[in-house]
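The two complexes that follow have subunit A in common; it is paired with subunit B in the first and with subunit C in the second.
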Partner chain A sequence: MNKLMISCLIALLLVPALYGQELMGEDIVQKVNDLFNVESGYAKAKMTIVTTSGQKRTFIYDSWSKNKGEKNLVRYLEPRRVKGQATLMLNNADDIWMYFPRTQRVRKLASHAKKQKMQGSDFSYEDMGSGDAFINDFSPKRLKDEKMEGYDCYKLELTRKPDSDVSYSRLIMWVIKENFVPVVIDYYDEDDPTLQEKRLVESDIRVIDDIPTAMKVVMYNKNDNTQTELELLEVKYNITLEDSMFTERGLKK
Partner chain B sequence: MKKWLPVLVFFSLSLSVYSGQDSVELFGYFESQAMGADIKNEFLLLYSNKLRVDLKTSLSEKVTFAANFDYITFHGKTDWNILDFLPSDVTAEVPAGTESFYMLPFSDRHFLDNAYLKLSFKHFDLTVGKQQISLGTGYVWNPTDVFNIKELFDPTYEQPGHNALRLDVPLGSMYTLTTLFAPEDTWKDSAKLIQLKGRISHFDYSLIGIEKVWRFHDYTQFDFENMNFLELPGKRQLLGASTAGELLGLGVWAEYAYNWMENSEDFYELVVGTDYTFNFQTYMMIEYYRNTLGKTDYEHYNLNDWMRMIALEQKAISRDQVYVFIQHPATDLMSVGISTIYSISDNSLALVPTLNYSFSDNVEIFAYLNFNIGKEGKVFAKNMGNGGMIRARVYF
Partner chain C sequence: MREKILKKLANWHTSYPWRMALVVLLLTVIFAAFTRRLSITMRTSDLLPERNPKVIQFNKIIDEFTTATNLIVVVQGEEKRIKEFADKLAPQILETRDTSRNDSLQRQIDKLQKKIDRLKAKEKESKIAELQPEIKTLQSQMNFKLFQRVDYKVDVDFLRNHMLMLIKEDDLKNMKDVFMDPNLIGLLTNLNNSMEKEYVGREESISTREKEDGAVSFLEGIQNLVLNLQKATGDGDISDEEIEIAVDKLLFGEPYALSYDKKALILNAIPNFTLMDRNFIMSSTVAVQAVVDNLLKDFPDVEAGLCGAIPKEHDEQIYALRSFGYTTVIAFIAILLLLMISFRMWVAPVFAVINLMFGVLWALGSAAVVVGQLNMITSMLAVIVLGLGIDFSIHLISGFTERRAAGDTIAVAMESTFLKSGKGIVTGAMTTACAFYALVVSSSRAMKEMGLVTGTGLVAILLATMLCLPVMLVWRERLRDRRRERRKGVERFVERDISFRFLGRAGEWLSKNYAFSIVASIVLSALLIWSASRIRWDYDYRNMEPDVPSIWLLDTIMEKFDLSMDYALVLADDVSESYDLSEKYRELGSVAITEDISVFVPSEEQQKKRIPHIKEVLEKIQSARVKQAVLPGELSVLRDEIGRLEMNIMEMQDMAFIGGQDKVDNKCKEIVGDPENPNSKNIIQDLLQMLYSNVSASARGFSNFQRNFGPYFKESVIRMSSTESIQLEELPVTILDRYSNRTRDQFLITVYPAGSIYDGEFLNKFAADVERVSEKATGMPPLFVALLKIFGRDGRNAIILTLVVVFFLLWVDFKKPGHALMAMIPLALGVFWMVGLMNLTGIQLSMMTVMGLPLIIGIGIDDGVHILHRWRSEGKGKIQIVFSSTGKAIFLTSLTTMFAFGSLMFSAFPGWGMFGGSLFLGVAACFLTTVIILPGILGIIEK
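Moving on, here comes the complex of A and B:
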């Protein structure tokens, strides 16, 4: 009996310590990455840009992804100005093509295009952790856990790897313990790691097809005093998508 | 105009009816544009209004029909005397009594620009009718594109439709074989094209062969019977290749075409380009272009060279040129840029500051100024006219 009690006591003492060591920064980032890169999915999203002068620009687009984000296709539906424009990203966004319906021209873009703003918004393609960017471009370090936006969160610092060309020197990420949704991400200037450039806040988290999904994402640009809101209008996961969709032929459809 | 009015009304009404159906899309744009140029100490202005109406319908998953109708009106200085732009030694070549034919008229136009049917089968797509043909990887110049010549100061403007029958056959997920037939009076004179596009590693490649009659003119001889300059049609056979990809973090592309000419000397064209987006969002592009039809000494430019370039029959009259473009998003809604076209062969330069402004979701404004810095007789000579353009476009 005494032995059992001692074992239980040791176990009780060890569990919190083990739990604390259970997830390293790398593990948490991997889980965030896995959450972003579902096997396959479709989303219809509305992106609203609010400028410094308070003007709004709204875009609606369809997006499809396959092979855990290895293949991506985005096609704009609104406004009329960009309707039909489409972007195909393969090999975790290492290969990018854009289709311009007005000229019926497909242009191959180098990966530096990921630094460009999406339709002038506060999002660049790399902000969204396209492909495995969080893993490939940053070294994670777990900081002291914190409460953020009402959730118990893991707090991580992601520092740019020396060989990476990503536009931020570091990220601070608050990841909800319960579901690994990164509820807040702070982006810091590429040259000055103390200067915060942007903050991304995820909200309205719903479980869709067993996958926790933030239906609303807002990017606040601290430098320009602007913000861009991304609202998911429709989401489907684990759907069947033909490979032919992720080709130049599919891009031009 | 009067006889076209009922057609337009019918067209609009038909489209309105069609647009009521879910599967038919009716869209397009209206643009109003003003261009100005300082010619011989006078600032000349040309205004234009363009209405483009597009119709697109997917009759089924496999059948798409698309068409667009353009209506363009011109106002202001609608007759430009080309001789005003040319150096005196070149204008001396103009045959006596034909001076009045060297005009660049801007007349109101309305036409069916594109109208095609696309049939998508499991293993191929067949497109029949008037359609845009976009070839090559170059941004400003496309050596493999014998169907279009881009405007130097506005290279992304849409190109006109060409009557053609096009077959695209995907070969796996990485390759596409394209054949195209653009009919003329006879099979022999019709344009034929075959292209193989593919991907190796992070590079796209294409090989292309084209045969087409090139209809350029001799601008030193006027054909009074046809009331036009003498046409000199000659068969052009082209073999070319292009690529685009990434090297050391830079976007890179290249395009090459060798041309065998039936009635004139053979020539080749080459484009090499690179681009990069800096972390501070500035985008930069450099493109080099060589055309061996162009000349290395500007004193050898003759009347035919100039006229063929102005009439968009020939892409360049100077052999080597470089295009540099830098653009930066000044605000969320506005991008400013500057493009420079430098003629290496004659050491002249055009500076073109540009501005893109998103006025609202569906209204955009584009403007540029152009300053030519070069001695008289060079490609970008001051007497070609410094000026600019402003265009407002609303999409519907």
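Moving on, here comes the complex of A and C:
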């Protein structure tokens, strides 16, 4: 009897101690950030957008990233009409350049363009937490854990920091406990924190080069009532990429 | 008490048939007089509660803004021809006048004039002064000018003076270079610089609908310039007017309201009346249609049709009246035939139908008294009361002929019929009427009026049956008696067994095999409830409208102009509120574009910010020297700039393709060709070819062009660079009238949806978005969403309330709550079966079909009640008799009701057809549940 009471007491004393060892919001966001910002990588992707006249249009492209996503290069493969067209994003998509094979000219798009829609899709350059946006622009708060898309998840609320100019007032993120993949992210309006603008859903999670990777990402735009699907066809991580690739000359190649 | 009245009534009929006929005639004259006052409205807003804020706002807009009431002419054909057609049509529309009321107006004026003459003799000046304005008002109505304006071309006069002040500061910064050099080479250089800065500088600039439209308009200006340069360098023969048009298009865009493919054009005629003036709605549509038809004779290659609020209201009125007439006739004929076949006689059915005619007239008259106006839903009143009212005649005729066949005298037979069948008829009618009256507690006018009109209509038709039909029966029997007397009693009643024995046998079998009956009922109910759970709402109100140009041309506008004519409307109290709201709306993804006055009156602050840029343009253009020629030495620079222009447009095209901006991509294709089609035309390449192939002719052509282009361009830019502040009062009346009311203290914002509002998900999103920005938002989409919500809520409440009312009435009638509940079981399941069958037959829930649900409770309860009454009076072991006799009666009454509702399926209004179809299924479902389920339940009780 005494043994049992002691066991219960130990258990009771241990609960807060164990709880203290639980991950804080900051820790989880850091892990998500690490996952998103791999040192370097390559992906072949398929993206489907809806045009202004309601037609579906699918693009296939190669993309390379370096310096934890600070530098990005996207080169279109399909459809034939845009083959060779390429986009270079530097400084975490703050500076964007574009190459047009038809005129063989390289143009710089305006800086501070990361709030803009990415090539007619429902993604903006900043949606994917370019750079350390999740850490630098938001204050995380851990909410009660929830099951989402069939996974046991940490639920986080990321509130925009007062000095940040990020486009969303807050994010709600469900992060898979097992691998720290944010399986769902809800984005809320810049001015109205109660108004949900978008929802990102990640699925088909596979481990590639020891990194859990969502092979399918869908962004639902609640504002425009549209959605964009992004499917990764091939992924490689931590590959060697020359800096010259991420230059105007590299863009033209 | 009830017995006494019925007995007395029966006696009056047999003792004083002529006096009773006189009473019927008198009542008919009174009701007919009331019926003349009855009008029809097909407006959606008339279905909502009057105090609904959206309805109040909508009516205010309709009242104060004539622009909210429009008539659109959609013209289709080749660009040149449709422009010519529009130029000829617009003045003719403006000349249309309403002369249809001239005679009656003149009579009223003459009357008043005579009155004035009499007053003059009595020297009553003050009364004369009161009458004179009345005469003036009447005179103004004669030869009434129907339209105040026809919008189909941009009023460039205002833009000529203030264009730069109307351009947003950001855009002005990017575009101002374009206006600084009046010479061709300078202009092309500036255009290229601006294009690179504009679309490359900020990708968002062509990412929204308004920006996309701006880009298309800008490209059109360039396209037109290139085509004119081609013409100038080709044969060198280009008129001053053509050059001026090219400059205007470059500076102000396309003036005509053309579609993206330039094959359709819209003329928007703004009336001098509002949607409330029914007479003008009808006459203006007819007048404009005549003008259009007449003009089309000279333009066989052009197509034109009318749509917009006025023609839609006109078409709905015409089709409603037409459908109202012929669906009623179809119902009459179908019922007559059915009765003739089932009763195997023709006189009594003819009496029943004549009685119905009186009843329908009385019902319409009573509707005129209780509501005054029939709406989109209550317009089906005639058919509804017809379907229900025929039951009373069937019961009365059956009872009377039975008694007569049994040898009773006319007086005894009538009294007996009134006491036996009359009681049942009155109880049944009052139960159904009370169920309908329960709808009065609904918040929507549609459901409230439906309850009032059908309840009162049913009472009217009951009254007609109790007063009119017996008179005819008495006359007929007296005639037959006389004939019989003449033939010395040779003629005898022929008693026919017209009961349905198969129903009796089936009822008995089911009651004995009650387990089968119950299991079959449960299985069928489960299947149909599952089907009912899958039913969807139909959000496309056009599915309820007749197939007329005013409806299907909306699709043409949507397709050609990418613009829905079903927009939201918002009232602002001042220009700054209009600006703020408009800005907020433009930020919404569900909004395509907005139209409001703030575009023409920027705020003081905005105007101040724009002035330095305008001054810079003015300084540059004033100091610019207009060259008289393009020198041969300058040709290479010109070629380079044209080549640069081609590259800029190609890049813009590639960006647009990746960005999914199809309109920009398509416009670029018209200029630099389709990259996927090597044979497509590239007009810039064609121009370059001309430049390379014939240098001297090109130089000459460019010089000719430059000579006229330069001065006109310079003069135009100087004129539009006015830095004078724009004030509201200085705006042209055409602009003021379009966006503000007569007292200029209310401003209208039109918010066009970015998607199809006929898609339920988008409709709800758009309505929620526009309401979130301003609670004052109204117009078709918010009204329709509000209507569906209120209908859904009202429908649910009405069903519960009518069930409760029916239960209590049955409790009083049966005096046993258990029997009341038993009578309601087939009804409750019948409602689920009805919805399940609707889903199976492809009828969706809509604001029309949802009305049928509470109605079916009032209608469908009769079947169970009659069977239970008969079962109670027959006693145990008589189920076969109950179902062969009363079963036949409910079968017949169900069939007649189904025929009446089924007739609506022939209506030109698909909405009415769906309503009729759903009630057809509902009545059938209630009959089936009664004859399948009740025998099982009765079998269990008997056991």
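Quick note on the criterion: the second predicted complex is superposed on the first by the 217 of 253 C-alpha atoms of A that agree within 3 Å, B and C clash if a C-alpha of one lies under 4 Å from a C-alpha of the other, contacts with A are read in each partner's own complex, and residues count from 1 in each chain.
Everything below uses one rule, namely that contacts are C-beta pairs under 8 Å (C-beta built on N, C-alpha and C of every residue); 3 or more make two chains touch, one makes a residue touch a chain.
What you are looking at is a predicted structure, and each value in this text was computed from that prediction instead of being measured.
J.: Looking at A:N223 after the superposition, I want to know if it touches subunit B, subunit C, both of them or none. Which is it: first, second, both, neither?
T.: Once the two structures are laid over each other on A, A:N223 reaches subunit C alone.
J.: Pick one for A:E248: touches subunit B only (first), subunit C only (second), both, or neither.
T.: In the superposition, A:E248 contacts subunit B only.
J.: Which of the two partners, first being subunit B and second being subunit C, lies in contact with A:I172: first, second, both, or neither?
T.: In the superposed model, A:I172 contacts neither subunit B nor subunit C.
J.: In the overlay, answer first, second, both or neither for which of subunit B and subunit C A:M215 touches.
T.: The answer is neither, since A:M215 touches no partner chain.
J.: Touch check for A:I60: first (subunit B), second (subunit C), both, or neither?
T.: In the superposed model, A:I60 contacts neither subunit B nor subunit C.
J.: Let me test your reading of the model: by the given contact rule, A:I239 touches which partner, first (subunit B), second (subunit C), both or neither?
T.: In the superposition, A:I239 touches no partner, neither subunit B nor subunit C.
J.: Mind working out whether A:Q85 is in touch with subunit B, subunit C, both or neither, as first, second, both or neither?
T.: The answer is second: A:Q85 touches subunit C but not subunit B.
J.: Jot down the residues of subunit A that show up as touching in both complexes, subunit B in one and subunit C in the other.
T.: Correct list for subunit A: 49, 51-52, 55, 57, 80-81, 100, 102-103, 105, 107-110, 113, 116-117, 120, 224, 226.
J.: Which residues, counting only subunit B, touch subunit A once they are in their complex?
T.: 27, 29, 125, 131-132, 134, 137, 156-159, 168, 170, 173, 176, 197, 199, 202, 204, 244-246, 249-253, 275-279, 281, 283, 329, 331-333, 358, 360-362, 364, 395-396
J.: Where on subunit C is subunit A touching in the complex?
T.: Listed in rising order, the residues are 196, 200-204, 207, 209, 212, 562, 588-590, 647, 650-651, 654-655, 657-663, 675-676, 754-755, 761-762, 765, 772.
J.: What residues on subunit A touch subunit C, complex-wise?
T.: 49-53, 55, 57, 59, 76, 80-82, 85, 96, 98, 100, 102-103, 105, 107-110, 113, 116-117, 119-120, 195, 221-226
J.: Using the touch rule from the top, collect the residues of subunit A that touch subunit B in their complex.
T.: These residues of subunit A touch subunit B: 49, 51-52, 55, 57-58, 78-81, 83, 91, 94-95, 100, 102-105, 107-113, 115-117, 120-122, 165, 167, 190, 224, 226, 243-244, 246-249.
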